[in-house]
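Quick one: the structure is below, questions incoming.
Chain lettering (A, B, C, D and E) follows the sequence in which the chains are written, and residue indices restart at 1 in each chain.
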Amino acid sequence: MVKKISKRRPIPHFLRHKKHSKKPGQAPGTLHFTGEKRIENVQLNLCDYDIDQLGEYDITEIEESKPYLDSPSKTWINVLGLHDVEKLKHIWNYFELHPLIQEDIINTNQRAKIEEYPNNMFFVLRMMVVNEATGQLDVEQVSIVLSKNSILSFQESDYPIFEPVLHRLRNGAPRLRNHGPDYLAYALIDTIVDYYFKVLEHFGDEIEALEDKILEGFDESIPEQVHTLRRKLIYFRKSVWPLRDSLNSLIRDESHLIQDDNKIYYRDVYDHLVQINDGIENYRDMVIGMLDMHMSQVSNRMNEVMKVLTIIATIFIPLTFIAGVYGMNFEYMPELSIPWAYPAIWTLMILTTAGMVFFFRKKDWL
Amino acid sequence: MVKKISKRRPIPHFLRHKKHSKKPGQAPGTLHFTGEKRIENVQLNLCDYDIDQLGEYDITEIEESKPYLDSPSKTWINVLGLHDVEKLKHIWNYFELHPLIQEDIINTNQRAKIEEYPNNMFFVLRMMVVNEATGQLDVEQVSIVLSKNSILSFQESDYPIFEPVLHRLRNGAPRLRNHGPDYLAYALIDTIVDYYFKVLEHFGDEIEALEDKILEGFDESIPEQVHTLRRKLIYFRKSVWPLRDSLNSLIRDESHLIQDDNKIYYRDVYDHLVQINDGIENYRDMVIGMLDMHMSQVSNRMNEVMKVLTIIATIFIPLTFIAGVYGMNFEYMPELSIPWAYPAIWTLMILTTAGMVFFFRKKDWL
Amino acid sequence: MVKKISKRRPIPHFLRHKKHSKKPGQAPGTLHFTGEKRIENVQLNLCDYDIDQLGEYDITEIEESKPYLDSPSKTWINVLGLHDVEKLKHIWNYFELHPLIQEDIINTNQRAKIEEYPNNMFFVLRMMVVNEATGQLDVEQVSIVLSKNSILSFQESDYPIFEPVLHRLRNGAPRLRNHGPDYLAYALIDTIVDYYFKVLEHFGDEIEALEDKILEGFDESIPEQVHTLRRKLIYFRKSVWPLRDSLNSLIRDESHLIQDDNKIYYRDVYDHLVQINDGIENYRDMVIGMLDMHMSQVSNRMNEVMKVLTIIATIFIPLTFIAGVYGMNFEYMPELSIPWAYPAIWTLMILTTAGMVFFFRKKDWL
Amino acid sequence: MVKKISKRRPIPHFLRHKKHSKKPGQAPGTLHFTGEKRIENVQLNLCDYDIDQLGEYDITEIEESKPYLDSPSKTWINVLGLHDVEKLKHIWNYFELHPLIQEDIINTNQRAKIEEYPNNMFFVLRMMVVNEATGQLDVEQVSIVLSKNSILSFQESDYPIFEPVLHRLRNGAPRLRNHGPDYLAYALIDTIVDYYFKVLEHFGDEIEALEDKILEGFDESIPEQVHTLRRKLIYFRKSVWPLRDSLNSLIRDESHLIQDDNKIYYRDVYDHLVQINDGIENYRDMVIGMLDMHMSQVSNRMNEVMKVLTIIATIFIPLTFIAGVYGMNFEYMPELSIPWAYPAIWTLMILTTAGMVFFFRKKDWL
Amino acid sequence: MVKKISKRRPIPHFLRHKKHSKKPGQAPGTLHFTGEKRIENVQLNLCDYDIDQLGEYDITEIEESKPYLDSPSKTWINVLGLHDVEKLKHIWNYFELHPLIQEDIINTNQRAKIEEYPNNMFFVLRMMVVNEATGQLDVEQVSIVLSKNSILSFQESDYPIFEPVLHRLRNGAPRLRNHGPDYLAYALIDTIVDYYFKVLEHFGDEIEALEDKILEGFDESIPEQVHTLRRKLIYFRKSVWPLRDSLNSLIRDESHLIQDDNKIYYRDVYDHLVQINDGIENYRDMVIGMLDMHMSQVSNRMNEVMKVLTIIATIFIPLTFIAGVYGMNFEYMPELSIPWAYPAIWTLMILTTAGMVFFFRKKDWL
C-alpha cells in the first residue's frame, strides 16, 4: 500500500574504511602492503630519453636499468603492482630509498603529500578515474620518487594513467624531452590532476541528476543518495586538499631538485587544484542545500495530505452528525413528520458544504 | 484540488557546470576553446594614445599594430571573440606570451587571478552584467595582459564592456591619458568591478522580492527559488573572492610593471571588492534565514490546518456519538418515550458544543 | 477562526539596500552623493583652540578659515550636510584632498576604514544612534580627515553627534586642549563608539523582549521578527568589524600623524570595539537559539493539538461504532429484546472510556 | 488536560545585559561605577612580606601603607568594594595609575585583558564561583595592578577569593615569599583560574542532568533550559577566551615587570585556560546535540500519537460504515430478513479488524 | 502497544567528566592523583641498552638505577601506577623534575602536550586502546620525560603498551639500539599513535553499523546512539589535536634534546596524526549526516502513517454519511420505498470509492 524504501545502493568500495596494516609499535619502515593485489606480476617499464632519442624497455630485474641510469640521459621507471613486497624492497634498496618512503609507497591509505629527503623528492597522490564501464570511480595510489637524473613511479594496477605523457614523449614534445626529470614529474602530476577535473564533472552530473529527481517527484531513497554523494565529495576533497597544500609549500620553498623556471608549471597545477577545490566546496554547499530542499518537499507533501484529510473530514463530519440526529428513535420528534423536512435537511446539508468550500477557498486550501 | 508544484524555472546558463576541455595528460598550453562562439569573427580594436592624441583603429591583422607598438605612445588592443584559436595563436605569438597565459585566456572556466610573468602582468577576471532585456546575468571571461608599454585585452563577445573607459579617453581624461598602461589596466578592472555593484543590487532586489513573497503567502516553489538564489550567490562570490585575494597580494608585493603611486588606485578597487564581498556574505546569511522563515511558515500553516481539523472533529464526534446512542433499536430504552427527551438532547448537545468552544478559546485556538 | 499573520513591520530604512551611485567605468573620484538630503544648507562649524583659548565660529565660505588654519592653534571644521557636491568640492580642493578621499566622503555606503594618505589620515565611520522618539536606529556616515594641524569632519545631517566633545572643549578639558588634533580625532571616534554601546544595549533589550514573547505565548510573526533582528545585528557587525580591524593596523603601524603616546587611547577604543563585537556575536548566537526555541514551541503546540484530537477521536470512535451496531435494522438481533441490554451497553461504553483514559494516563497524555 | 509550560526559571542575574555607564563623548577615565554596591565600606587589607616575615594589616587610609611600600619587602594591598569612587580615586592617585586603568577597574563589564603601562602591568579578570548555597554562579570582576615592588588588587565584594593564597603566605610557602610580586600576581590569577575548573565541573553536572532528563521523559521546558545553559556557556567562554589570548601574548613578549623564570608559571596558567576552553567547546557541542536529541524525541512522540490515532480510526471507521449501512431504512433490503445476517456481519467485522491488525503488525506499528 | 524507548546504554566511563583535583589557590606542583588506582603497587621496569647489550631489571627503589644512569649506555625506566604519590615524589626528586612536570604527570585529565624544560623534554599523551573483551575503549594517560641519556615513562596501569618496543629492543633492532633516547621517545609515541589507528577503525566500524541500522529499519534509540558516538569522536579528537600541534612546533623549533636527523621520524608521527585527524573530521561529518538521514526517515514514516489515515478516513467518512442519510427517520423520504434504491446506493458507494482510489493513485499515494 505504501512504497517500500528503495533497495540500498552499495556504498562505493573506496568509501569503505580500510584497515591500517601496521601493528602498533612496529618499526617505521616495516613493510606490509595494505591494498589488494590488482595485477598478476610486478611490471617494470623503463623509459630512457633525452632531446635526441627515446627508448622504451620492459625489464624484469631492476639491475637491468643500470646502463640507462649511468648514462646522462633521463630515465623514468614506472613500477606497476605493489603486492610483491620482496621484489619492491629489492628495487627500493637498489635506489637506496629512505625506509619512511618505502613504508609510504606500500601503505595505500596515504594522505597526498610531497616530502623532501636528502637525495629525493617524494610525491604521493591519489589517482581518481571515472570508470566508463561501471560509472563508478576507480581509485588508486600513485607514488613518484624524483632523483637527480631519474624518476621512479609506482602504481597499484596496470591502468594506463601515464599513457598520455608517454604519447607526448614519443611524439618528441621538445619541452618534455629537454627539461630535467622535475619537468617530467610535473607532467605526471598534471596528468593526475587533469583526471580530477573529469571526476569533478562526474560529480556535477550526479548532482544535477539528483537535483532534477528531487524537484520532479518524491523518492524515499533521496536522503541516502544525498548522504552517499556527500561522503564521496568529502573523500574527493580529502584527496585534493593535502596535495594543494603540499604544492603550495613546494612553490614557496627552495628545492635543489626542482629548477626555479619549472616552478611556474607547478604553480599552474596548484592553480588547477585551487579551482577543483572551489568546485568541491561549491558542490558541498549545493548538496547541503539539496537536503534542505528535499525536507521541505517532504513537509509540503505532508501538508498536502493533511489538507485533503481535513477538507474531507471537515465537510462530512458535521453532515454525518445531522443525519445522525434524525436517525434517533425518540417518539416525540416533531420534525420527522413535517413533509418538507427531508428536502429541508438536504438543503441545509448542501448549504453547510458550500460554506465549508467557501471557507477553504478563502484559506487558499482549494 | 491541491496546487501543483510550480513549473521549474530554468537554472541560469552560467550555473550549469561546464566541461573542462583539456584532456588528461595534454601538454600545458594545449589550446582548446572551452566557451561558445559568441561573435562571428575575431575583432581587433586598437587604441593608441598619449596625453596629446588619441587614435582608434579597427585592424584585421595583428602585424598592423607594429607602428603603434614601436611608438612611445601607449597602445591598447582589445580582442573580441575567443573561438578562432588559430588567429589568437598568431596574436599571442606575436606578443610572445607564455604558453600558460595562452591556455588561461582560452579556458573560460578560469578562476580570477593575477599572475606575474617575466615580461607581463596577466589578469583574468569574470565580467558579470545584468542583461536589462532578460533580467538575467550575462557572464563572460575577460583577460588583460599588461606589458611595458601596451595592453592586450580579450573578451568572449562584443559586449561593450570597456566603452566607458574609451569614452573617458576620448574626452581627454588627463589622468588616464597621462599615466602608463598600468593605470589603464586599473581603469579596465575598476569598470568590471563597478558592474559587480550592479549585480549586487540585482541580487538585493531579488532577495527583497523573495522575502516579500515568503511573508505574503505560500508558494511551493520557494525552496527551489531560494536554492537557485543561493547558488547564484555562491557563483558570484567565487568570481569576487579570488580577485580580491590576488589584488591584495598585488598591493603588498613589489612589481616592476605597476608604479607605486598607482597602487593607491588598486587599493581602492580592492576596497570595493571587500565591500562587495561583505554584501555577498550578508545576502548569504539572509538567504539562509529566508529558508528558516519559509519552513516556519510551512509549520504554521500545518498547525493551522491541524487546528481546524481538531476543532471540527472534537466538536462533532461526541455529538454524533450521542445521536448514535438514541438511534439504537433496543426495545427497552425508557428515554425514547419521554416527551421532553428530544429537546433535552438538543440542549445537552448545545451545552457540549459551548463547553468545547470555551475550552478552545482558553487554549487560544479560536 | 484562525489568527492572521500579524501585519508586516516595516523593515528599518537602513537595512534596505542602497543603490551604488557610480556608473560602471566612471573615473575614480567622480563625485555623486548617494544618500538623501537631510539638511537644508551645508553648514560649517569652525572651532579653533589651544590650551589657552577656544573660539567657535559659524562660517559660510571655507576661505574664512584661513587665519585659523595659519595660526599655530588647532582648528576643527565640522561640515554638516553632504548633498551640495559643488560646495563640498570647493572645500576639498581648498584642502587639496585626494580624489579617492572625496569619493569616499560622499559615497555613504562606505565600509568603515582608516587610510593613510601622504598628508592626511582619513577615517570613515558609521554613526548609529537610537532615536529616542521612534525607538529606531538613526544611521549616518561620518568622515574625519586628520591633517598636521587641523581636523575636517563631515556628517550627513545636523545631528549633534560631537556635542559632548565640544562641551568638554568649552569646559577646558586640559588633555583635549593640550594634545594635537590626533587626540581630538580619537575623542571624536570614541564618541561614536560610545554610541555603539547604547545601540548594543538597545539590541539587548529587543532580544530580551522577544525572548519573553517566545516563552510566554505563541505569535506567528516571531520568525519574521527574529529575521529582522538578525539582519540588524549583521548590519551592526558590518559597521563595527572593519573599524576594529583598521584600528588594529593603526595601533601596530608607524604613523607620522598620530603620536606614539596617544596610541594608548586608540588602543582603548580598539578594546571597546572588541567588546562590542563580542556582544554582537553573543547576541547573534542568542538569536539563532531563539529561532530553535520558537520552532520547538511550535512543535510542542502541534503535539498538543494532535493529542487533543487523538484523545477525543480515540474515545468516541469506538463508542459510536457500538451505537451504530445496535442501530442496525436486522430482524433477528436477539440482544435488542433483552430488557437489561440497554443499561449493559451503557456500562460497556463507560468501561471502554475508563480503559482509554487509563491508557492515556499511562502514556502521560492526560 | 494538557500540561502547561513549566514556570519560567529566572535567567541568572549575570546573563542579563548590563548598562554601559559611560555617556557617549565623556572623557576617557571618567569614573562611574557600573556594578552594584556589594559591601558597606571600602576595605583595605595590606599584606607585607618577604622570605623572613609576614605582616597583615587592615588600614583605613591609603597613606598608612607608605612605610611598607618604602621598605624593600613586597607589599600587597587588596581593596574590597568598588562603589565609593571618591575613596578609590584617592588610592589610584596615590599610586599614580593611568586614567584608563582607573576607568577599567570601575567598569565591571570589562573584557578580561592584560595591558602593559609604563610603570604597571594591569590585569582584569572575571572571578566565577559556584555559590554552594544557591547552586548559582557568583560573578565579580577582579583587577590586579602589578608594580615594581607591590601589588594592588580590587574586588567588588568581600568574597574571600584570595584566602588560599594568604593561607599559603602565612604557612611560609618559600616560593611565594621568595619571588617578587610577579609571582604573587601569578598565584592570584592561578587561584581564579582554578575556580574556573569548578565552574566547568558545575556545567558538566548540569549537562549530564539535563541529558538524563531528555532521555527519561518529556518536559516542555527543555528547549528553554538548553537555551539558558547555552547562554551560560557562551558567557563563560567570553570570560575565559580573552584571558587566554592575553596570557599568550604575555608569555611571548618581553616584559620588564615579569621575570623570565616566572614565565613558566604563567605558561602553566595558560595551559589550564586552554584546557578549560577545550572543555567549554566540548560542552557547547554537547548542548547543541542535546537540542537535536530533544527535537527527535518530540518527533518520536508525535509519531506515536499519530499511530494511536491512525490505528483506532482505521479499525473503527470501516466498521462504523458497515453498521451504518444496515441502519438504513430502505424498504427493500433483503439482507435484513436473513436470520444469519446479524452473526455474519459480526464475523465480517471481526475479520476486517483482524486484517487491519495484521496489516499494522506488518508495518511494525503494533 | 507502542514500542518503548530502548534501555539507555551506559555512557562510556571516559566520557563522564572528571573532577579536577586541585583545590583553588593551591600551590603549583601540589600533588594529588586525580585518577583511580589501577594497579596494586607502583612498579619500576628498568631497561638499559646500547648497540651491544640489553639488560632488563625490575627494581623496587629508584636508587638502584644509579649504576645504569651513570654508565654511558641509555636507560629507560618505565613506572607503572600513579596512585602512590609519596613514592612517585621520591622518584621525581631523584631526577630533579620541575614541580609543574610533577603536577602534570599525576593530573590525569591533562591535555596532550610537549614542553621543553631546561634539562628535560616532557611529553603527555593519552593512550587509547580498544579493549577486545568489552569492545569499549580503555583510556589512560602516559607521560614521558626525556633527559640527556635516559627516559622516564609513566603509565596509570600495567597495560603492556610498550611491549612492542621492548620486543624490538630485545630482537636487537639496530636503529633503536644505536640512536639516543630521543629515538626511543619517538618509538614510544609512535606506538601510542599506532593504537589511534586501531581506535579510528573501531569508530569506522561503529559508524557503518549504525548507518546500516538507520537504513534498515527504525529504532528510537538512534538519536541517542548518534549523540554518544559524536561525543566519543569529540573526545578522541581532543586527544589527537593538541598532540599534533605540539609535534608541529617540535619539528619546527630547535631543541637540544632531539637530534636533527631524528626529526624526520617525528615528522612521520606528525603525518600520522594529521591523517587520523582527517579521519576524525570525516567521521564527524558522517555522523552529522546520519542524524539528518534519521530525521528524514522519521519524517517519511510519519508521512506514511498520515497517508494511511487519510486514505481510510477519506474513503469511509463520505460513505458513512450516505448510510447515515438513509438511516434518518423522516416520514416522507420517497427514496426509501423505491425497490432499486438499495442497490443504487451500493453502486453510488462503490463508484465513490473507485473515484477516491483513482484520485489517490494520481496523487501517487497508493
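The rule is simple: a contact is a pair of C-beta atoms (placed from the backbone, for glycine too) under 8 Å apart; a residue touches a chain by one contact, two chains touch by 3 or more.
Just so you know, these numbers come straight off a predicted model, no measurement behind them.
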Copy-to-copy rotation for chain A and chain E - C-alpha atoms, rounded to a multiple of 5°: 70
Homomeric contact chain A-chain B: same or different residue positions, threshold half: different
Whole-Å gap between the CA centroids of chain B and chain C: 26
Between chain C and chain A, distance of the C-alpha-averaged centres to the nearest whole Å: 42
Residues of chain E whose C-beta touches two or more other chains: 1-2, 299, 302, 304, 306, 308-309, 313, 317, 320, 324, 327-329, 333, 363
Sites on chain B touched by chain A in the complex: 1-2, 5, 8, 16-17, 19-20, 22-28, 98, 100, 109-111, 113, 115, 117, 217-218, 220, 223-224, 227, 230-231, 234-235, 238, 242, 291, 294-295, 298-299, 301-302, 304-306, 308-309, 312-313, 316-317, 319-320, 323-324, 326-329, 333, 335-337, 339, 341-342, 345
Interface residues, chain B side, partner chain C - complex: 162-165, 167-168, 173, 175-176, 187, 190-192, 194-195, 197-198, 200-201, 204-205, 208, 215, 264-265, 268, 271, 274-275, 278-279, 282, 285-286, 289-290, 292-293, 296-297, 299-300, 302-304, 306-311, 313-314, 317-318, 320-321, 324-325, 327-333, 363-366
